[in-house]
Each structure stands twice: as structure tokens, then as C-alpha cells.
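In what follows, structures are represented as C-alpha cells.
Two complexes are shown next, each including chain A; its partner changes from chain B in the first to chain C in the second.
Our next item is the complex of A and B:
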């Protein structure tokens, strides 16, 4: 009992900060999300409606944006995992001399501002950008490829930006896998691939779960990169919420969308961590 | 004893530091637009104002929509004292009771301002007259365009940019094309149908006016729906741009200035607005920004008159009722997102 009380006392400053800076403002938005917005006149504070939530499910456009956002989150997470795992493996299991330079290479992009990194991709991917100009000069294509304002551009940009998070999580997980276990499996006649699949991979599951959740959540809530690489034409939920608030001044719809995003995020995280835990034999 | 004298000394020092502050507490926060607009506001309005009053002006940059959103977020105690916003957004703020009505008796230049500039109950005043029209590259487009229809000409396919509806040119172009195609403000279907293929083949739907400068610079486009004032500034900086006013009429823009509710500086804010309405300052701004003045006593140079809508172009110009537009824009935006962008 005493240790519980000490524990509560120890985290209470953090709880207070979280409550004041995060929970309270969020709760203040709850009533707004149930109010009606009258264009030109403002938010009708005396109204009470479910229409803002109903629209997310009935309106085809909203539905498309929600599905697109979740699809983008999943795709970016998958590509970060596929690209990040070999790098993490190389950092932990590779030549120790390479460890520092590789780690620095992974971390370095994090030191650059997000806007700068997104702008870099614009320079590369735009119609008359480096990539298109090169392809045209080489005679491979005649008209510039559309690399921006669509899924391609967002996938490239977001994968690049969130890859370091995934790698760092995987490095931590791989370092926790004792080499003896792998060695034991090999001694018992397992092939290298089988050792990796049956021993290393499941043992790094906590890192995979943590990294995937981190990348997924960051991707579906990203605003700056989708704004810059997706433009007004390719909307995801974060940019849609921004538009509802800042362009349409329709705060009720924006709030309803925000809550829908938050709830679906929590649900997907819960579901995926359950599934992965079962696969890794942790449940 | 020692601690007491220390305290006294500290109080004295604090007093010295605080005293000049109390004297120059005259600080005005202005919500302005970015780019060349902000530079010219500083040169033509802020500097004369600071010289005359000794007050300092701090600017906060953003678009009309962003300013309106932040004025609402801090309802009644805005962190901005005066704010620039396009008229539809000024009306929206006025309707929500977020503006302090202007007191003409405190504005010595008020009698010189054209009638159309004032909002209902003097909630705001237009500070300048801009337009949404066709801007083209003189080097690549030999025959100047004469109609909105020229933008749809196949020879420009993939060499055009238009604005997204989140910007002024976006919804104004939609209104103009809709009118040309026989639609009404209640029924924008003809406009939406007509623009859809153009929007999809256009190089990009710009959301910030200055993106167009880069497109012209890189030679990605020949023709754009854009602002003559931005084009004028870009032309002065060496780009071969010219403005064409379509026979159907360009669309008028009235960027307004208003006082946000909750300001503790009402008098100072009025003085600043008076500075903006002054004929000399208006001329300075119009000449630098290539935008129409609202003060009747301003005469412009030939260079600026060539870009700013005058005479017939001005008479034909379509002015949309901001009150009406404030109520319609969300619906237009929703249709745009659902039908034009997909």
C-alpha cells in the first residue's frame, strides 16, 4: 500500500502537467464537437447535434481520407520496418568499427528541421525537380512523372523522416537479444535464416511493436510533410482537420474529426500490439 | 541591515528598468500578410506611424483565414490589435462580434475614402483594391489572353496554375468561371464542372501566392490565375510578366483593416488605420505593391496604372458581396474538395 502511495506521489507532478496541458484542453473541445457551425455567423453555442460525427461515416470524401490516412500509416510503417531492420541489424551485429558512423548516419537527419527535410523532397520530386530532370535528360521519360501531390510523394517523404525512429527502436531491441541463444540454435543445426526467423525476429518483437506504433502514430498525425508534399489536392486527416479549423473556421467539424482520429489511433494500437504479442508468444 | 539595503538597491534597479517601459508601453500588434506585402506595409505605413506616434508596431504574419481563426481563438482578448483580412473574413469576424467598430470621427482621412470601402456599421474598412485576374509570361505568350476561356486552351495544357480554393484567387476564379458558364451563386455546378479538368491538369494548385513566382521563374508555367499586384512586384524584379483583364471581368479583392475586440489600444489602433488611409501613404503602398488605392486623392504613375485595373477593366470588375460569400465559402470548399480535387 505504502509503495503505491509513494508511486502516485512521485508521478503526480507529471500527472498534473499532463492534465492541465493535454487532458483539460481536449475535454474543452468535446462540447464544441457536438455544436452546429453556421457559416458566416459562427458556432451556435445553443445547439446540440451528432451531425459532425455522422458525417465522418456517411460522407464519402471523409471516409476516403480516413482510409487513406490509415493506409498511409500502415504502408510507411511497413517500409520503415523493411528498410530499418537490416540497418539496425548491421549496427548491432556488424563490424564494431562501423557502429558509430552508421549510428551517426541514422541520427543525423533528425538534427535537421522537418520543414527543411520536406522542402528537400520538394526540390527532388517536383515536375522540374532533380529526379524528373535527370530522367528526362536520360531520355527515359518524355513528360515529368507525378511524384508529388500523391501517395508516392508522401510515402517517400514520411518514410525518410520517420525511419530513424524505427532504426533506433530496433537497435535497442537487437542489443537485448543474447548472442548465446542464436549460437545455441546454430549448434543445434538451424540454418542462418532459420535462426533469424525462429529466434532473433520473435525476440526483437517488443522493439518491432514499439517502433511500428511510434512510426504509425507519427505518420497519421503528421501535418507539415503532408501539407508540403501532398498540397491541397492530396489530403490526409491531419491536413483536413487543419483546413476545417483554419480555412473553413468550422471548429465543430474539426473537433469531431480530431476525436475520430484519436479514437481510431488508440484502437489500432491496441489491436496491433495484441496481435504482435500473440505472434511473439508474449501474451 | 545589509539585506535591507540590498533590497532597496534591487527595488531601485527594478524601478529604473521598469520606468522607461511604462513610458513606451505604446505597442501595437498588427496581423499582416507575408511576402512583399509585409515589407511594403512596413515601409509605407508602419514607419511613418512609428515616427509620428513613437509607438512600436509588431507584425504577426498569416493569411486572412489564419488571422480570423486566431482572433476567434482568443475571442475578445485578441493578441492582435489591428488585423488585415480579406473582406469575406472581416465580415465573418464582425458577425461573430470579434471586431471593434471604427469611429470615423477619429479618422481624419475618412472623408477621402471611397464609399464602397466601408463595411456594414463601419466594422472594417478596405485598405486597398486588388484583383484576381490572368497573369502571363510575355516571352512565351505572344497574343495576350482576353478571356477566362483562354486558360482552357489546349495549347496551355500542363502549363497553367490556378489557386486552391483555400486562397482568394481559388474561390474567386470559381465564381468568375461559374458566372461565365451561366451559373449563379446558388448553383455553382457549371463552374465546378468547367474547372475540374483544368484543376487536374494544372501544374499545381497553389495555396500560397508566392509559390507562383517560383513556377514562373523555373519556366514551369506560361499562364496563371493570380494577383496583378504580386505580378507587378515580380515584374519589377525582372520576370517577364503582364496582367490581362478578361472581357468577362476580373474579380475584385478588398483586403480590409479592422480593430480586434479586446484591444487596450483603441485610440492608437485608430491612429494606425488613419495612417493607412492617408493619401501619401496610400500612394507609397500602391506604387510599391502595384495595388489600387482607396483614397480618392491618390494618382498613380503610368507603370503602376498599367498593372492595376483602371477604366473599362475596373468597371467590368466583379465584386462579390462579402456577407454572402462568408456564408457560402464553406459549402463551396466542401464541393471543391469532393468534386474538383478528385
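Our next item is the complex of A and C:
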């Protein structure tokens, strides 16, 4: 069969690259995560242990980092949803002339370098930063507020970074809501708010779920912004993995954490795609 | 009037949120013009000396060069390999096309930091750590999903009858692809390539584990210099990136109607 041969020829270069530089490296993390790290001596390859995985749940520090990461993911997702919905609504339902400029203003921060965006938030949020100086000048506070190296800083920075994804998902969902359904509801006497709550919101639910899953997954695996705004002490899972590998050289613990993170994200994505499929089946 | 328009409250909230999205950008740009050697907003005095410091500093120049080589190289390689694979999947030349697509998209789903540590350990074992080639291959892995996604989406939008017409008139497979299919999917591919380029340009989580001391990229340089305390030249190089990004986005928009592909 000629087309099969052509197909193999077309696919195999990329498959080889992915096998050699993606699949095999990930699989090699599995044995590492079951090995023992002896400080000073290195990684013991002769024994196998579950300790690296057990530690994620039993060690207080690890547990705190995991819970913080999940809490951060939930909070950032919620604030992206609340802030993103009005923006998407204005883009889709507002004056059509404003549509393109507004869309570009949403895409622009998305295209802009992540490090630069986080750096911008450092300038804004440090003790002698723009926000604190402004608040002091206005006489609202006397002493700088602590806006970085804590939950506040990470929440603001990560919300800023993942908000455009949410807006774009919601724009796509809102575009699919047929206008005449809303019109029908209002002719039948519904108030504006009731139309929104009873018609628009449920019809955009698939977009809300897709956007939320995306933002949640991106937040729990983010490294750059948490590191820059949380510093080396306020850790999340990704920054902890970074430190295990680069500073502590404890690769077994790092790879166990990596697997915990990767499996969580894959599970969440799998669950959401199942949910949306059922949703589509019901509609 | 039955049609629903956003009210004043919703519009104002939305505009404030859009302003919020631009604030760090504005702040970084302002900070880069200040005469002080620390970051101040509003800037005290106006100067271009930090920009001069950037364009004369070898570390910045080398980092910018490395970033560009990596981004252009990995995008080009991803385009060739990704479009070829997508075309085979689209024309159903192979069994298991759904599983294949999932594999090609998988680097998007696995957290970047996990890909980073996996490659660090692997290339250390193989003894290739610190080579520029390794960095290039890693960037191909993380950029290829964007190409595959845009290629598959664009291919599904074309009319197969046009390809068949070309075949009937005597064109072989490659000629048909080059003269008919490729021009039809070009706008989508340009958008995908742009995403790939940006992804490579800004990557930290994979690059930081693999870059040798001489292969520092621009985002790694900014990332590490922030940990050591910032000065306005970081703001200046960031401003240059902001301007470059804005230009690229506007050109891409005029050229392909970029926002439709996001």
C-alpha cells in the first residue's frame, strides 16, 4: 500500500524526535522516583522505596506546598472567571467596531514574555513599589503593605497571566449562544439579569468549564511567576521541583513530585473531557 | 429593542479589567526611562541610557542572539516535521490517527517543569548536557504541538475536491501539496508558527534546566537577574521586548487576521 508507506515516511521523523527527547526521558523518571537519595552520597541505585511518594502526603512541609498549590489554582481560576466574563461579554455583545481593538488588547499580554509580565508585577508590588508608594502618598496606609512573597502576590500575578486564556475561551462560548434564544426570553418578559442567569450562563457552561480547567492546570504547573513573585521561600509544587533538582540535587524526591504533578494535570484534563462529552450528549 | 447589549456597569468593569491587563506593561516601559539607578515610578528624569547599556552589553546581546536562533530554528524544524506528520494524519495514511495526534499534542499537557527535569536527567545520563543541540531539540518538543494544532485545524477547513482536481490534471502528491494544499493552509500555519516562535522565545521552565553557561537566553537572563536584584537595564530590555511583541502582533494581525486563530 503506497499511502501507508508515504504516511510512515511523513510521520516518522517527528515520532523519532518525540520518542528520543520526550517519551523516553519521561519514562526514565519512573525508576528515579523510586530510588533513595542519601545526602552527601547521592542517589542509591541498589534499593527501591516508596518513601518519595509517601513524603508528599505525610511530610508537613510537602503537604503544605501541595495544598497551597491547589488553593492557588482554585482561587486564580475563580478570579479569572469573575474578571473574564464581563470582558468576554463586552467583546462579543458590545459595539462591533470595538471588537478587534479589545481582542488585540487581550491577546497582547498573552503574547508578551512571561518573565517581563512577572517583572512588571514586581515593580508594582514590592515594598517600595508603585502600589505601596501610591497608597502611602494618598494617605491610606502608613507603612508598606506586604504584597509579594505571599498569596496576594501570586494571586495577582497569576490571575493577570492566565486571564487572557479565560477571556478567549469565554468569547468562543458566547459566540455560540444563539441570539434568538435570548431574544425569545426577553420577549416573554424576562428581565435582563434573568435572561443572563437562565439562558446565557447555562448555555456558556461548556466554555466556563473548559476555561476553568485550562487556567487551573496552568496555574498548578506554573514555575516562573511563582518563583519571581513568591521568591525562594514561598513555594509551590513547580518551584519545589525546581529546587529539588537544582539546589538540593535530590532527584528522587523531585521526580516523585513531578509525577504527582503530571498525573494530577492529566487526570483533571481527562475528567473534564469526559464531563464535556457527557454534557454534549445531554444537550 | 430586543437585542441585549452590555450595560454601563458591565462595560465599565470590563474596561477596568482590560486596563488591569496592560498595567504591568505600562509600568515596565515607564521604569526603563528613569535616570535613577533603581526602579522608580513615576520616572525621575528621562533618559535613554539604560537602552544604551543594553545594546552595548555583551551578555544581553548574546542572550538575545541565542533566543532568536533557538526560536527561529525550533519553529522551522517544527514546521517541517509537524506539517508532514499532520498531513499524513489528516489524509488517514496511517492507522491509529487519534492516538498519534494525542502523542504529538502531549507536550502541551505535561507541565513544562516536568519536561524540564526529565530532559535534564536524560541528557545528563546520555552525557549531552549543556550542548546547544540539546536545547534546540527540547524547543522542538515544546513548539511542535502549536504547529500540529494549527496544521490539523487548517487542513480540516480545506476542500479535498481541489486536491483531487490537481491530481486528475496530472500533478503528483508533492506537487499537489506544494501548489494547492500549502497555500490554502498558509494563514493558519503562519499563526501556528507565530505561537511556536513566541513559546520558544519566552520559555523558562525547560530551558533553565538545559542551558549551558554560554547558552543563556533572554528570559533566563531576566529571570535570574531579578533574583539578584533588579536595575533599570532589565526594564529597558523588557521594554524592547514589549515593543517587538506589539509590532509582531500588529503585523501578524494585518497579514493573517491573527486573532481568529488564537
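As a convention for this text, the second predicted complex is superposed on the first by the 241 of 283 C-alpha atoms of A that agree within 3 Å, B and C clash if a C-alpha of one lies under 4 Å from a C-alpha of the other, contacts with A are read in each partner's own complex, and residues count from 1 in each chain.
The rule is simple: contacts are C-beta pairs under 8 Å (C-beta built on N, C-alpha and C of every residue); 3 or more make two chains touch, one makes a residue touch a chain.
In this text the structure is predicted, and so the values were computed from the model without any measurement.
Student: In the overlay, answer first, second, both or neither for which of chain B and chain C A:205 touches.
Tutor: neither
Student: Does chain B (first) or chain C (second) touch A:214, or do both, or does neither?
Tutor: In the superposition, A:214 touches no partner, neither chain B nor chain C.
Student: In the superposed arrangement, does A:245 touch chain B (first), chain C (second), both or neither?
Tutor: both
Student: Could you look at A:149 and tell me whether it touches chain B, chain C, both or neither (first, second, both, neither)?
Tutor: A:149: touches chain B, not chain C.
Student: With both complexes superposed on chain A, which partner does A:114 reach: first (chain B), second (chain C), both or neither?
Tutor: So A:114 only meets chain C here.
Student: Quick one: chain B or chain C, who's touching more of chain A?
Tutor: Looking at chain B versus chain C, the one contacting more residues of chain A is C.
Student: Could you tell me if A:51 is touching chain B, chain C, both of them or neither one (first, second, both, neither)?
Tutor: After superposition on chain A, A:51 lies in contact with neither partner.
Student: Once the structures are superposed on A, label A:39 by its partner contacts, choosing first (chain B), second (chain C), both or neither.
Tutor: first
Student: In the superposed view, which residues of chain A touch chain B and also chain C?
Tutor: Of chain A, residues 232, 245-246 contact chain B in one complex and chain C in the other.
Student: If we count contacts the way the header does, which residues on chain C are in touch with chain A in the complex?
Tutor: On the chain C side, the touching residues are 2-7, 10-11, 13-15, 17-18, 20-25, 27-28, 31, 39, 41, 81-82, 84-85, 87-89, 91, 93-94, 100, 103-104, 106-107, 109-115, 117-123, 125, 137-138, 140-141, 144, 173, 198, 201-202, 204-205, 208-209, 218-219, 222-223, 226-227, 230, 234-235, 238, 241-242, 245-246, 248-250, 253, 258-259, 262.
Student: Residue numbers of chain A touching chain C in their complex, please.
Tutor: 3-4, 6-8, 10-11, 13-15, 17-18, 20-26, 28-29, 32, 83-84, 86-87, 89-91, 93-94, 100, 102-124, 129-130, 133, 160, 163-164, 168, 179, 182-183, 186-187, 192, 195-196, 220-221, 223-224, 227-228, 232, 238, 241-242, 245-246, 251, 254-255, 258-259, 261-262, 265-266, 269
Student: Over in the complex, which chain A residues touch chain B? Could you list them?
Tutor: 37, 39-42, 60-61, 64, 127-128, 143, 149, 231-233, 235, 243, 245-250
Student: Within the complex, which stretch of chain B touches chain A?
Tutor: Its residues touching chain A are 65-66, 68-69, 72, 91-92, 95-96, 158, 164-166, 203-205, 207, 218-220, 323, 326-331, 333-334, 337-338, 341-342.
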